[in-house]
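Got a structure for you, questions after.
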Amino acid sequence: MKNTFGNNISITLFGESHGRSVGCVLDGVPAGIPVDYDNIIRLLALRRPEGAISTARSEKDEFLIHSGVFNGFTVGTPICITIPNNDTRSSDYEDITRLARPSHADYTAHIKYRGYEDPHGGGHFSGRITAALVAAGGIILPALNRKGIKIGTHIASCAGVKDREFDNYENDIDSLADLSFAVLDNDKANEMQSNILKAKEDLDSVGGILETAIIGLESGVGEPWFDTLEGMLSHALFSVPAVKGVEFGAGFKFAEMRGSSANDGFYTESGCVHTFTNNSGGINGGISNGMPIVLRCAVRPTPTIGKEQNTIDYVNLENAKISAKGRHDPCIVHRARIVVDCVCALVIADALAGKHGSDWLAL
Amino acid sequence: MKNTFGNNISITLFGESHGRSVGCVLDGVPAGIPVDYDNIIRLLALRRPEGAISTARSEKDEFLIHSGVFNGFTVGTPICITIPNNDTRSSDYEDITRLARPSHADYTAHIKYRGYEDPHGGGHFSGRITAALVAAGGIILPALNRKGIKIGTHIASCAGVKDREFDNYENDIDSLADLSFAVLDNDKANEMQSNILKAKEDLDSVGGILETAIIGLESGVGEPWFDTLEGMLSHALFSVPAVKGVEFGAGFKFAEMRGSSANDGFYTESGCVHTFTNNSGGINGGISNGMPIVLRCAVRPTPTIGKEQNTIDYVNLENAKISAKGRHDPCIVHRARIVVDCVCALVIADALAGKHGSDWLAL
Amino acid sequence: MKNTFGNNISITLFGESHGRSVGCVLDGVPAGIPVDYDNIIRLLALRRPEGAISTARSEKDEFLIHSGVFNGFTVGTPICITIPNNDTRSSDYEDITRLARPSHADYTAHIKYRGYEDPHGGGHFSGRITAALVAAGGIILPALNRKGIKIGTHIASCAGVKDREFDNYENDIDSLADLSFAVLDNDKANEMQSNILKAKEDLDSVGGILETAIIGLESGVGEPWFDTLEGMLSHALFSVPAVKGVEFGAGFKFAEMRGSSANDGFYTESGCVHTFTNNSGGINGGISNGMPIVLRCAVRPTPTIGKEQNTIDYVNLENAKISAKGRHDPCIVHRARIVVDCVCALVIADALAGKHGSDWLAL
Amino acid sequence: MKNTFGNNISITLFGESHGRSVGCVLDGVPAGIPVDYDNIIRLLALRRPEGAISTARSEKDEFLIHSGVFNGFTVGTPICITIPNNDTRSSDYEDITRLARPSHADYTAHIKYRGYEDPHGGGHFSGRITAALVAAGGIILPALNRKGIKIGTHIASCAGVKDREFDNYENDIDSLADLSFAVLDNDKANEMQSNILKAKEDLDSVGGILETAIIGLESGVGEPWFDTLEGMLSHALFSVPAVKGVEFGAGFKFAEMRGSSANDGFYTESGCVHTFTNNSGGINGGISNGMPIVLRCAVRPTPTIGKEQNTIDYVNLENAKISAKGRHDPCIVHRARIVVDCVCALVIADALAGKHGSDWLAL
């Protein structure tokens, strides 16, 4: 089950960038979850390229729900969603069918699929497939909200500019909800975007860090081996194209710390348990401790750039030069954030379905 | 299948720190793999605490193979290995059965298992369970070696001291093989150990970063969604106690880079394909590209420390103070490195079994 | 992963009888398998109702392949196929939304999905969903053929009439290929159909037994625990609506036999191993022995009948009477046979992919 | 995950007949389930050979619980149980290491494991491995009992003699509990045993049919595709050595029935829903309908018999004769019944854990 993820609530992805449709089958969602089309449309819009800082390819993302929804509610059976591909200009990519974009999946796909791969627009490796993740998230995220769980991601750093840290989690998550460029400090958003445009002018691209908070998750969720919350989340998050690192709480900063400052002392107040600090990112021993889950994803600069680069013609096995001509993004960090939210929602919903049973999310 | 990992070659872990045995069932290993008991003993020794920088608890790690091995070879059926627990001094932990060690799993285990958890020595959350991973690795690692795949991990940083980077991967991996404190630059090892001892004197602990290289892995291994090499490796690695971050290639450094310097240009030489740089850590689009797989794990400081910390008595739900008295490690970075090697070996062997078939590893 | 089956080659089903589409995602199929649309159309036609002995509902089964196929070959990524529902007359089923058809899934679906189920035409429980299995089989069956594996199913018994037994497996399988009513002895076909029509006139329905042979499968395929060939095949076959029994080789007849006559003595000839008899149905210890796999599925009479039956109104929880008015089949045995072929093909292809690796089927 | 079964509660089996131990890892069992050693001993005794109608091999089945149990309760972590092999007389089997017992797994194991298999006593294919299933059932069965679910299996037919049918399910199940030869009509037990002894005198063996009833299971358990109750149960049951057919309710008798007599009309009484008949065996559309689950397993005659049979020497690939000399059972039907109970218990517990959540069984 290669393109499927999840145990009790699972998602199967399919589609190629320039094929008929991308889409997903979302399975294990209990009957009785309201499906709000407008909310799915709203989330898909947050992923859609927009303005000068994104690719000029514009898909309307009109999605079709083929199954699993009836009279505005889930019926408990698998939900298949397809999103047709319309605005495909394969000619832009003609070179690409022979020249491997450095650090993109052109070459590895060619090896893996022995020459049968669909090379147009990155085929199955295109970021476009994440639209299907977002559509699924459009069903799961509101269901989690109704259970008091909120998920929000901001651009913690991009193009050399750092956003402020999470302060009041709930307010911050709410403030991010409808931003097409999700930054907590608006001034930083402007700086980042200006740096992205500079990179674009240089026919180059930039990367960044996305930071996610999940609040309202009860303690006791996750498994010691191997389905730790960290393991499940990272497994799914590394599928988001360009994510090359995932850390929880203090993450790599732990390397410089001592236990006495790294440890999150517990205290109890009015019968609730909290920690003074949250270096653990809300997870001890793979299991939620009731504090906010905090994680960060490193997003590499988009590999497709206009600048000339060394590469190979992988059909003739010759050295070559490549300068991408297709429409491409100088930065995908801001578009990836809603994908990260949706991936986290799927993982958390799956873990809770295992703990509380298959119908719990709808009750 | 909570405590099981892997699709075609899988491992199931079991055991509590102070129970009868810890152990594993290793399944899907093809018939005909030689099982070298001495090599398993050698690897277990690398994980065992030793000297002043580790816990004083000393287990002989005498393991029993109950099944799956006959006449020195695997027979193709599940291999159950148990490692009896002998040197258990539960009295040291008596307080711990009521006081939650900050950032340890005491509290989350108590919530998850509703008071039925075995609290002695961390129960199922103890690092001791990793001995079973190492025993399994003692069968898989040499099998991968015979296929030309080598895996090595060094302490890239510990207690504020950085090791040198990998230079010649093969030589470096070979040089690490028998080190109980696996550092490439011997001077740095002394510095690190001296800093660990300082932390110990302060009743404190330190963390670090483990860096792993996997060489000899063919290109084309991994899946786009969701079983990317990064996803599979990180899923398993986050089970190793204290790992709180996993990054591949340039990882979090990508955030500061532009595409033109981040991208790994391809070139071909004598019919082989290489990249000039390896910021991708050998993985493009979730699939190996033939370059060394390079990944780093952030290892948090051991949570159990002698220093007094704020915590709660989770039975009476009262605020309290805790100072650990049990034998514990001021640092587990050096002991975790062989665990990381073994976990990587299991993931890679599983991916190759899927690609080449269930018998391939033995052929 | 509830609606997904298979380890290395897997299928996910979706769809409701009167929803937008039924369909599947077929994953794990290697790149380079030719996809012959005409063959898929041919198989779908074998499942389609036809003539007086089937329902009058007629779907053209025009299918769409959304992904995973490019230039006439699989590309190695998930293949999503949708089959739109056109000829839906939900009004026929209006009563059914409140009255449980005896032995159908109306009541259990209502309980399981807590009133949110889509009741039209049986919803997700409709035999119509099997069209998606057949479409998937239309890709897998020819791929197995190219590997020398043939699968054929005949109506061993129906409406009280028995077909002759398999004689020459290969010839018999070939002769069944294009039959819309797959019987080895044509006279028996006429008798069966005449009995089906009698049942129809009586507003009743009939059942039968489907017998399947799989030839050309190498020895050594299957696992001892739990993925025996019998276990994997039966798991999938019991999903085919109306299948209530699965037996291999002599099956339930074994109960009356002694070991000396039940055992299949081995002999060797020209370096090949055979058995004198095949009471084992080609499987020993869960693993293929090189002889034809022979299995039988008991197919219950279609539950939806015109005759008046006792039932309940499950909304008001009152006793009631029901006489089905919707278009329905007096017999589905003949339509199910191609579904059984396709299900067997998926299971065998999955087992072989595990044994020989993910690309084997295409090589 | 070849030797593992189950989604939320799962079991992994290991062991060879003459290896150190057979055993299992039972995972997903919630914390807080009482573990009654005496009950496990009692169930193991029901599986143990006894008297003239069974093999003379006698194992005391002293089991060790290595993990997952503390202070008499499960702790929520994986439960590893080993059962040491003591009474092994490999010399009896010396011929067998070269001569394939007809219809046993000797030959298929040799092909599958390429000559590395452990041939003593059938290795991993020995019925002895089922002792581990029974030990696991000894934990799960009483837990289900506490939830009002009872499971009982009787020998519906053996050696040509038929037992009476289930009459009052609850009383009948209770009456079977401690029988070493589980038949509802005691006279029939004597007839069966006498026929088994006749077969034994003839150096032959006999088969039979086991019929199982599961009562107290709520309606709404099971999935439409592919994890139907029938599919899950049969998948696991076909792992029980010698099971070659599984049917539910009327099973293969459906072939001769018409819908009007096959259908189970519903009625409601005092707010509860029942059916007048139970030809469906308590399952509609793969989902429990609240009536007793009734299934039958066809058990083939033991393949190992003293009579001379044709076979091959599979090492030299020569035709040969074989007459088994090892201790073996003229009939295993009576010993398999407790195994069937335990397998059913595991499947039902797993399905309920998915529906009601991971802790439900303990609450």
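Note that the chains take the letters A, B, C and D in the order they are written out, and that residue 1 is the start of every chain.
Keep this in mind: a contact is a pair of C-beta atoms (placed from the backbone, for glycine too) under 8 Å apart; a residue touches a chain by one contact, two chains touch by 3 or more.
Bear in mind the structure is a predicted one, so any value in this text is a computation, not a measurement.
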| item | value |
| --- | --- |
| Between A-D and A-B, the pair with more C-beta contacts | A-B |
| Taking each chain's C-alpha mean as its centre, the one farthest from subunit B | C |
| Separation of mean Cα positions, subunit D and subunit B [Å, integer] | 38 |
| Approximate Å spacing (C-alpha centroids) for the pair subunit A, subunit D | 45 |
| Where subunit A and subunit B are represented by their mean Cα positions, the distance between them in whole Å | 27 |
| Multi-chain contact sites of subunit C, meaning residues that touch two or more partners | 2-4, 7, 13, 77, 112, 124, 224, 359 |
| Partner subunit D, residues of subunit B touching it in the complex | 1-4, 6-7, 10, 12-16, 19-23, 25, 27-28, 31-32, 64-68, 70, 73-80, 82, 112-118, 123-124, 359, 362 |
| Residues of subunit C that touch subunit D when the two form their complex | 2-5, 13, 100, 102-105, 107-109, 111-112, 124-125, 129, 157-158, 160, 199, 202, 204-209, 219-228, 230-232, 234-239, 241, 243-260, 262-268, 271, 273, 275-276, 279-281, 284-289, 296, 298-305, 307, 309-312, 314, 317-319 |
| Contact footprint of subunit B on subunit C as seen in their complex | 7-8, 77, 224, 354-360 |
